[in-house]
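Following this message is one structure expressed as structure tokens.
In this document, chain identifiers A, B, C, D and E correspond to the written order of the chains, with residue numbering beginning at 1 in each.
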Amino acid sequence: MIETLLAALVSGLVLGSLYALMASGLSVVWTTLGVFNFAHGALMMVGAFVAWTVSEAAGLGLLTGIAAGTLVAALLGVLIERLLVRPFYGHRSMLLITVMTTLAAMIILEKGAQIIWGARLKQLPRLIDGEVSILGATISAHEAVLVGLAPLILFAIWRFTLKTRTGRSLRAVGQNQNSAALIGIDVPVAFAIAFGLSAALAGLTGALLGSIRFITPVMGAEPLVKAMIVVIFGGLGSLGATAGAAYLIGLIEALLIVWLGLYWTPFVLFLMMIIVLVFRPNGIFGGKE
Amino acid sequence: MDNLLTVSGVTAGYGPITVLRGLSLHLGAGECIGLFGPNGHGKTTLLQTISGLIRPTSGSIEFDGRELTRLRPPHIVEAGLVQSPQGNTLFGDMRVQETLELAAFSKHARDDRQSNLEKVFALFPRLEERRPQKARTLSGGERQMLSIGCALMCAPRLLMLDEPTLGLSPRLKEELAQAVGSIAKEGIPLIVVEQDVEFLMALADRLYLIEHGEVVREIDRANAPDHDEVMRLYFGEAAG
Amino acid sequence: MSEPALSITGACKTFGGLKAVDDVSFRVNSGEIFGIAGPNGSGKSTLFNLMTGIPYGPSAGEVHFDGRRIDRWPAHRIARAGLCRTFQKDAEFPELSADETLQISAVYNGGQRRRDAADNVDKALTLVDFDPDRRTMRSDELSVYEKKQLMIASALVSNPSVLMLDEPASGLTKPEIEKLDALLIAVNRTGVTILLIEHVLSLLLSVSERLMVLNYGQILAEGDPQTVVKNPAVIEAYLGGRG
Amino acid sequence: MSTRARDILVPLACLAVLALVPLVATESYTRHLFIIAFIYGIIASNWNLSLGHCGVFNFGHLTFFGVGVYTAAIAAKTFGINPWIAIWLGGVTAAFAAFLIATPVARLKGIYVVLVTFAFSQLAMQLVLSQSQITGGAEGMVRIPFMRIGDYSFVRDYKLGYYYVGLGLLVLSTLFLLAVINSPFGKSLKAVRDAEDYAESRGISVSTQRILVLVLSAVFTGVAGGFYAIYLRVASPEVFGFGTLALALSMVLIGGTGTTYGPIAAALALTFATESLAGIRGLEEARFIIVAVAMILVLRLAPGGLLGLLNRLKI
Amino acid sequence: KIGVLAPVTGKAAADGQEMVNGAQMAVDELNKAGGVAGHTFELSVGDVGDASADAVATAAERLLGDRAMGAIMTGYASGSNFEIEMMAEQDMVYLVSANSAQTEGIIAPSPDDFGTVWSMTPSYAGYNTEIVPVIEGLVADGKLTLPNKKVAIISSDNPYSKGIAEGMVVAFGEAGWEVTENDLLPFGEINDWRAFLAKIRQNPPAVLINTDYVSANAATFMNQFMEDPTNSLVFIQYAPSVPEFLELTKEKSSGVVYNLLGGVLNTPTNPRAAEVLGKYKAAFGNEPGTYGPALYEQVLIYADALGKVGDPSKRAEIGAEIAKTSKQTAMGKIQFDPATHLSVQSNDGVPIQFYQIRDGERILFYPDQYATGSFEQPGWMK
């Protein structure tokens, strides 16, 4: 029993790291621009495919591949912002329209990937081979890298958005564009930075995940849904809360899988999410106001 | 020309709606001018156009010998042209302190950040009390103070205030008048938009009456603005 | 002496550590115009908020209206009971015309039938002197002054017993303020009790029968307006040197 | 032409044209497309009631449809209830489902509404999948009884009967929507959407209006679901899927959130546009890309929707 | 004209593309030979996308609405096969290659109403029961030693996997096995089997069965099982037959067992299969799974019937002709059962085939007359 629990804990940690990376990317765009980017999962998928093309098909090595995946995803993110989000700023139903345009971007990316890379599954090699045993549960060394890297990245983003001038200006732009412009913030640049950063994060996550899961055009869908749940638990807004919620959900999910089986786990997660929102409309860690 | 700011023949508006119709005015170095006129006749629109938030469809704006018409807002602020907008909608979820620090965003404003912050707090002690509060929850007057404070943090070379006394208590209004006066005395030229003409007259060297997007009267010290006459003019025009 | 229309006892509202309204008690007599003044951030708007439940009720204390305790009621129920307010910030229903704004207020708030509502809409718009040509325009195309007129008219149309106005004169020109003055008097004559928050002293002093001044969430002075404005504490906290 | 007259005459003319379509379109394929478009038209225009008019970002709207589908399927097949009645039962249960979800949603705002309603639709799908004794699980239910009047089976005559039932439901739903929107209730929805506090201060209960709007928007959506099940004779869990949702949502947005006819027009346009691409081989994936790009273009060029664009051109 | 109803886009696009390719290959071949009874063929594709009822119905309607349409082929179009009724109503020739349980459910009550609809796959009953005697046979022959008589089954919530898992539970139970785990997963992408595997490791069964047919899921399952294998025979339903399964698992799948009903019978005693596979590979450059060859054979069966009848518009007659089919195909010898319209399963007709993957090769070890090798104890088992 103990062993099973430990295994669940470790697999919760892996899931939590993944969700934290995904959700914090979503959260960056949400807190700064007030846009919920439904193409986030698809950007992750693009990161994985590009990493595969560069490292496997072109044989340039895995690290180059990961870098390329991150970069291409970032560029696509900037492009999405420029073409699909910026034109609707200040529109009365902007939230809804951007939900729709980013959904459209998701469709375009997914179908485009299908055309370019075909329907067959791909996989990346691992950064480090071999297995690591944590608390008696075995995971691959690559997953261990993910687990280790996630908090570092999260911390870096947190520092960036709260402590640096650029980071703060992103938040300001998200809250009031005109006022931001009037104190000298370059609004379009800020938008591009926020989207590019978030997309780069997605691309990196995808490239790392591509060694653990199979790369398919729809591989981003499931992490995106989980990231949504995370974001709800955490309460949209603060990065720390999002990260905390990510690990919490990862653990809960892993434990639920052990106790209830995979079948009812999503059901219970969704139910929990609704219940949380009924009693705490701003998330578990969200303020009351 | 020793004019710091020259607005000539500016036409601007919102999409199909034209608000400013060939408006011209100017401001000399160290001068303080006031704009007044009935509601909805384009004063705010003018300030927004000067700040680059609205692109004029024709006409030109020159600041310090430099053409501004093509520049985008961040560059205009960088040049030292700063405004405190009407309605004082700031960054709702940012705290007072954060907001003020961020407001010193442009390159040349950053150096004086600390001293400017002290100045702002000296001017509005209430803001210092409410430092950790989120802007969204401030009272109407407090928000107005924060808005003006932000503008001061930008190290303005020309400061534009859009209805700064809106919602301020009589006492604060008076203090603000003094503060603005001392800003002007420090040599920072001002453009002030106000409904309270008495407030304006105490402050400004020249007044422009704006109606239907045009300057309909220019009143300066030289052609001896008689208080009653201005009031009559204002009442008469606005009522009609 | 008429019955008090409203009585507030020990009302408090705290935000985190801040006591925005701190143990405030007062009564408003039926049919009077009751002015409220005070420095910025002294809790005037918060007081209105907690009385009307928008968006929150009091942290402590009671509000009685018409003999009933209303401080735990949902906001729309308070409004329907006849306690109708305006907001300090501009508020409008951007896509609705003036006619439609007043119609829904009459139907929902006044509980009027559609036919009666139409008549009352006419009356209310005429009363505030709203430009008849602009009655079918979308509200967001109206000017600031017209939006203010509309907000007041939408309160009047539901025949409230108490009208609560939060800085109706801010941003208005002198002539507009004078019109507002006349309007308030006219409305009050029809038996409506009015609570008025205002920084424009000329208006406040000319219409109110009683005046309350708040400072740091507490009552600084209350009573006859002319007496209150001579109170040194009020001058110090609120009016400043010029008085 | 006065706008009043235009508001009445143009839709009537369109209705007349639609009523005559079967004379020209005699094969069952075209009629089938129209029937599907009518169903989507009902879904989209009712969705617009909550989404466009009241600003409730309800991403569970297709759940109401799915509930209607399964209600009619179970009623007609398992309980042998006449399909004509089963269809309306779909509306009843959908309204009930809407009430369930509306209660928590009434208190939430913005993106949270999107997420919760989305979660709700996932829950509903899982329930349907897991109760396979009742719903057939992942396999769904097939061979649902079809409609008949006396001895006349609607399967015959190249779907002529179904065409008019579909059109009739669309007309009923539209009349219902128009009545709702033009009532004070309809106007109060916009008030609640744009200025909650102000609305509350005018005696309008924000949460009550939200609950009501969700329930009302579910009624005809559920009926459309019932009709869908009876017409296709199948109920399968894909109705809860993401594809249907994205399609219907794009209809609402392309049609324009402010209008009643817009989503209906968009439903017709999109159904035929995607179908005309469907026959081209090698374009199967690209078809979705083309639709997505077209949608973005419409949103950029005409944020008020296609109908809004038409209106602007006329002026 | 011949229609193909297939999921060309969406999750099952790989299968769908293969279906189209297989049919295309047959059509090209027939046309090159000058057509049948004076008719040449043209392929028309109806995409069912995510298989929602309206997508399937719309695609089917479009194909049905084409007056020149002589027959429609599919591997599978919907999970429920409800489109069969649409086809039957219009007397459209319709050949299906999967979901035989659903097909049977629709047709069996009144087979005469479905004269034009025939299924290439035999009843799935064989999937439920055959595994028990085969495993017990291996043990009896001494090729396999098992530590106990326990079996653990995991399946995914779709009619195919769930149905087979339920059948297996009964079959193993009747043969005196203890079913230690019987888990159901939601249908869709599964990235983490570790929780289930952890339970398996607590109480290792002799036989571990996974009936999730999605090849990516099965590959993940296999890889994660191999992180810490137990002393169990691993059986995975269908998925290992998909070509990419081997690419995805590489050496990790060596030893796994799977079976196929109506799959390609690639063995020296059925040269037809090698021929079809070869042609497919030559035409499209990759190894097909089941559906490419199946659709190829479907078109040819139709062509044979058309050849006898002569007129493509006499579809009912063509249907009756198809009923009489008795043909050696890539899948074995196809004959149809008049009661269910499914093809008949038998070792001489369409057999159930058991394979083991070893070192990247698929070795057919049962039934004996087709065997290409024999079963060996998997490397991870003691």
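Basically, contacts are C-beta pairs under 8 Å (C-beta built on N, C-alpha and C of every residue); 3 or more make two chains touch, one makes a residue touch a chain.
Quantities reported herein were computed from a predicted structural model and do not represent experimental measurements.
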Identify the chains adjacent to both chain A and chain B in the sense defined at the top. none
Each chain counted as touching chain B and chain D at once: A, C
How far is the middle of chain A from the middle of chain C, if each middle is the mean of its Cα atoms, in Å? 48
Where chain A and chain D are represented by their mean Cα positions, the distance between them in whole Å: 32
Find the geometric centre of each of chain C and chain E from their Cα atoms only, then give the gap between the two centres in Å, rounded to an integer. 75
Here the gap between chain C and chain D, centre to centre from mean Cα coordinates and rounded to Å, is 43
Where chain D touches two or more other chains, by residue: 126, 130, 285, 288
Residues of chain C whose C-beta touches two or more other chains: 94
Considering chain E alone, which of its residues make contact with at least two other chains? 9, 13, 157, 186
Provide the full list of chain pairs in touch. A-B, A-D, A-E, B-C, C-D, D-E
In their shared complex, chain A is touched by residues of chain D numbered 51, 55, 57, 104, 107-112, 114-116, 118-120, 122-123, 126-127, 130, 242, 246, 249-250, 253, 257, 285-286, 288-289, 291-293, 295-296, 299-300, 303
Per the touch rule, the chain D residues reaching chain C in their complex are 184, 187-188, 190-191, 194-195, 197-206, 208, 258
Write out the stretch or stretches of chain C touching chain D in their complex. 52-55, 74-77, 79-80, 84-87, 91-96, 100-101, 103-105, 107-110, 114, 117, 151, 154-155, 158
Could you list, by residue number, the parts of chain D that touch chain E in their complex? 27-30, 32-33, 36, 39, 126, 129-130, 132, 136-143, 155, 228, 232-236, 238-239, 241, 243-244, 275, 278-279, 281, 284-285, 287-288
Counting only contacts in the complex, chain B reaches chain A at residues 51-53, 72-74, 77-78, 82-83, 85, 89-94, 98-99, 102-103, 105-106, 109, 150-151, 153-154
